[in-house]
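Each structure below is given as structure tokens.
Next come two complexes, and both contain chain A; in the first it sits with chain B, in the second with chain C.
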Partner chain A sequence: MRKGIVVLFILCLLVPSAIFAAGAQESDQVTIAFCFQDLETEFWVAGHKAITETLRENGIKVIEKNANEDANRQLEQVKDVITQGVDGVIIIPQDGESAVTIAKTCNEAGVPIGVFNRPPSDKSAKNLVVVANNEVIAEAAVEHMAQEAMKLGRKVHPAIMVGDLGDPNAVGRRQGFMNVIEKYPDLWAYEPVEIPTKWDANVALANLQSAMQANPDIDFLFTSSDFLFPVIKSVLAPLGKWTTIDDPNHVILAGLDGDVTAAQLLEEGYIDATGVQNLFYEADLMIDAMLEAINAGNGTPDKWMDDPGFALTQANLDTRAEEMWGWVLYKERQ
Partner chain B sequence: METNKFMKFILKNSTAVLFVMIFVMFGLIAPRFFTLKNFQNIMSNASYIGIIAVGMTFVLLTGGIDLSVGSTMYLSVVVCGKLINEANFPVFPAVLISLLVGATVGAVNAFSITKLHLVPFITTLITQTIARGVGLFITRSVAVNYPDSVTLMSTSTVAGFIPLQIFIFLMVVLVACIVLNRTRYGRQLYAVGNDLESAKKAGIKSDRLIASTYVISGLLAALGGFVTITQIGRVNAGFGSGDEFDAIAAAVLGGASLFGGVGTIFPGTVLGTVMIEMIQAGLVFANVDIYIQPIIMAAIIFSAVFIDSIRTMQIKKLERRNILKA
Partner chain C sequence: MKQQTLVKIKSRINNWGKGKADVQDAQVEISRGRSLAKKILMSEYFVLYLTILYLLVLTPIIPRLWHPMNIQNVLSNMWPLLVVAIGQTFVLILAGIDLSQTSVMAMSSVVGAVVMTSSVDPVLFTKSPLWGIFLTDQGGLMGSSPLALPAGILAMLLVGLIIGFLNGFSVAIFRMPPFIVTLVSMMLFSAMAIFLTKSENIRHLPEAYLQISKTQFSVVSMSMVIAIVLAIVAHITLNRTLFGKRLYAVGINTTASEISGVPARRTIITAYMVSGLCASIAAILYSSRLEMGRPTLGSTLFIDIVGANIIGGVSLSGGKGKVTWTIFGVFFFIILANSLNMLNLSFYVIDMVKGSVILVAALLDVARSRIQKAQN
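Presenting the complex of A and B:
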């Protein structure tokens, strides 16, 4: 009996050793932790796919962590993967503030960190940042809308559906819209109406209904995210304003993201433009920079990389549609 | 004496008085706010959260809480959408199954709370995570789009002028009012919420009663989810998250106590729900700076809850004075 216990004890000691040994055999393989805040919209689902597939194609082991929209949980997850000895960390943070905190944690541990598509609120930490230039992309989309409005030969009433004000992407998109508003002061009949959405379809629905009720002549509407187009449709359709671009009742419409819905609506002629973030390009940028840092033994790389993006409009649909991630997915589904 | 009566009337109906004051205030700032169409929009947008808040009121009356309603909404409309889109189910049976899903989540809560004696807060927090997790597993985070046959329901009316979602909300309110005010079940629910031990001594089967409120809450969460889906037509991964707090806020704003035994469906929860929606709409009508809107919203809700708390104290004081004078 006692011999049996001794054998069992030795086995208990050997099993973890064997596991560690197996792990050691894998230690040559680069391991990167990918910590994302959630996959709320098609954009983030596509972003997650682009990152993980590109990493695996490069022979990198990926540890995935979903923080379910909890910034504290994400910080704990990052600490956890640092303890596991990962070579690098890529995060999609919950917000700009938590991105800074998490990056500083990685800096202290000497683990390179990449922040994907949601920029840190300041530059106090060292990190690789790949971010779409939301302001420039939004401006490009709204510029196209303004050009279409000028063709009407009259003033228009502009409105914007604003995202969560704690999200730097939403703030950048609002700024891009406002840049165009300031650029053409004679084009607007009234001050722009700002409609809060908090990135929530129900909030967006209620507030857009109120805005259309209070300002029935809104005929120039920019949504800060394409995922709100179904909401816009449900509000405009009963008013007889959900029409194709050739209809006199058409509300000049554009969004930003470049998702599948926007692709379909562009093809059907219901929207005028959408700002496109080049997800595949962003994923490549991030992984190249991360691997370069890991290979150079640089634990605190610091580089800000912009995706200039572009606006896919009715005018350039034939030539540039294939560059939009949502278009590719839309055609695959068809 | 007359002043006392007037004060008591005002204090007893403080929620309604505040409701009217806010309505008039926004109407003066933006005259279009007074239109029937706007009121219809407010009611329509309040419908889904109102339906959930009715279920929440049942739970709150027993001294419990249900944090899983937002995730239950998500899971049930995901199941409904998948059945319609991928299994070619007709809409009506798919909706019935989604209601069953909601009731099942409620039943899991009920079993855990009454049979396993787990704390409602923790239990419903766990089912919140599980329900959303199952929904995400089914969808892989990809949005579920509903067909036009469902979204067109939001434009249909009952009796030629009541939008369908408002009609469903009113029916839920009517049935809930009858159940709470006109049945033995309703009276027992208040008794359990007021004093659980006394209710047990009086022979009330409190476990069965408490369990039923969670099933009702789950069922109404699923119904609320479908009502809102007829309006927005699409289920994203974040659908319903945080709605549990709106439902709790609506019920509490309407006078329900978090400690149980106090609260009404009408006017209480209904006014609370519509008031929150009305403030939000009013802020958009008044074109208030979007950075200031949440502050004003919170300040008004705080005022309402604060007035409600001093109301209870003042009524007690006034009644005490009357007894002393008598």
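Presenting the complex of A and C:
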């Protein structure tokens, strides 16, 4: 019996090696792995669709990996796809810190890596990074809110729903909000209330409820992501504050992303503005840069690409709505 | 005519005899087959045979399974899981369970990083309760000291031992169910890790610490050395020491072992401390690999830890389990995950397959126990 096991074990080691040697011929088709942390918001779903469809339209084989919000699992998945011999890796990382670790792994393997819309927390690794200028976009949206607040002829009580500050996007958005707060010191009745969300709807709901109970006069609310508008609605509606912009009880509202929900709420007049990340433009930037690196045989391309974005407001809705990805999808669905 | 009839009858009798012999032969064959199947099923190496078979079947489908880089990936994924699974084995032998291992990993990685980090971003950490005391602009508690590494590792191990002691104490002294004790401790310490860091990751750990997961001499890595040494120590502890014998005795029947003079309480507390210690060693391997202290480290790992033990044959009913079984279980589990990844299946399918395999392993455990009882 034991001899049999030994023979089986040796066979197990030898046969695969022979097969591997025989099957080592690689296909000429370019293969790119797209490793994302999860698809929990409309923005990421649309981003996923934009990237995978564009890649496939270009005749590129796409390997998709979902890490289910686990940074360690994402690292293992990236190592696995490198072993599979992919030509490039595009990731949506769990956070800025894990993006650095994963990018370094790709650098060591000489496989170009692109980090989509959630930038690494530092520049110690070489990667292609496409990122929206969150601070500028948030500032533009909050500026419109401030202009609307000034029309009221009184001071307002500001609040911001802050994202996970481990994500540089959340840091940039908060900073854009604070820039406007500093710009108009006489407009605010109180210091701004910061409501943590951790990019999680349940956390956001609990903290917004608490904030509204503690500060019932909040009438100027910026959310760091549009995906939280349904949460805001569920908290404000029972308080009689989920109203259109012409209602005296209206809480001045804006968000950032430019998703389908924001498009609908803008059209219906429930929100004042949203900062727009040009998702399709970002996907194109990333894919062009990745293909350029692959074609040039550059395993460690290093380039940061900015999406300037813009704010879609009730004032420019008629002229710029078609530039927002969420608006396009919203109209398609209609 | 009469003679012809006689010949026919004789021939029938002969054939009938042969038929009977054939049936008997077939019965013997079936019985041999069954006994071989039983032997394989009851064998200590059952999971190893299964793994070899699985590899053989998959090899033509996934030739890259045997690529040196993939072997390296499999091994680097295996060692940290093995370390934490060995700790769980000690508790499972007791007929207990340690749900808090994932929170031990999170707390250990946070505490270690707080001691060792050389710099932190004030924007992220000023709201942390640790700010100004344990974390400052200059980094962690011992960020600039050459003793940062040993102090950090010691702090991590202490966290595991302390949480393990609290679990063991509650189970042994207050006779609380291990499930509820470790569930509460999982919730408590996971939340504490997030509270202390305000959910931020702590980076800038010493280079020597990061080298723990990076140092590699051919196929031998530092993680491998740590895991194998731990496995050998755990194996000897279970098989050659008085503590090991007491552990099995308590796992089979706590009351009987106490009547026989086994210090059951001390044994239970020690087993939970071993579990916590192993979780904190795993935290060292995982966090050095990810290059950061993460308050959510290991949060999705529990099913892998217990799954690997069950697949290996460690019984949930207690009194049965070996380190070698855990090694086989972890190996199979990692190979399974790796191969499913290489097949490019979706995340949901991978988790469904993993879950099904664990369920089948639990069913097999029941079947093996029944066969064993019948044999006895």
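Descriptive notes on the structure:
Please note the rule applied: the second predicted complex is superposed on the first by the 308 of 334 C-alpha atoms of A that agree within 3 Å, B and C clash if a C-alpha of one lies under 4 Å from a C-alpha of the other, contacts with A are read in each partner's own complex, and residues count from 1 in each chain.
Simple rule for what comes next: a contact is a pair of C-beta atoms (placed from the backbone, for glycine too) under 8 Å apart; a residue touches a chain by one contact, two chains touch by 3 or more.
Since the model is a prediction, treat every value here as computed from it, not as a measurement.
In the overlay built on the shared chain, the residue A:Trp44 is in contact with chain B alone; chain C does not reach it. When the shared chain is aligned, chain B comes close enough to touch A:Ala206, but chain C does not.
With both structures placed on the common chain, the touch criterion links A:Val162 to chain B but leaves chain C unconnected. In the superposition on chain A, contact is made by A:Ile63 with chain C only, not with chain B. Looking at the shared chain after the overlay, A:Leu75 reaches chain C, while chain B stays out of its contact range.
In the superposition on the C-alpha atoms of chain A, the part of chain A touched by chain B in one complex and by chain C in the other spans residues 68-69, 165. By the touch criterion stated above, chain A contacts chain C in their complex at residues 5, 8-9, 11-12, 15-17, 19-20, 22-24, 63-73, 75-77, 79-80, 82-85, 95, 97-98, 100-101, 121, 164-166, 171, 198.
Across the interface of their complex, chain A is touched by residues 45, 49, 52, 55-56, 59-60, 63-67, 69-70, 73, 76-77, 123-124, 198-201, 203, 286, 289-292, 294, 296-300, 338, 341-342, 344, 346-348 of chain C.
Residues of chain B that touch chain A in their complex: 30, 32-33, 35, 37-38, 41, 44-45, 48-49, 129, 132, 136, 140-143, 145, 151, 154-155, 228, 231-234, 236-239, 241-243, 277, 280-281, 284-285, 287, 289-291, 293. Interface residues of chain A facing chain B in the complex, by the touch rule stated above, are 38-42, 44-45, 48, 68-69, 162, 165, 191, 193-196, 199-203, 205-207, 209-211, 213-214, 227, 230-231, 233-234, 237-238.
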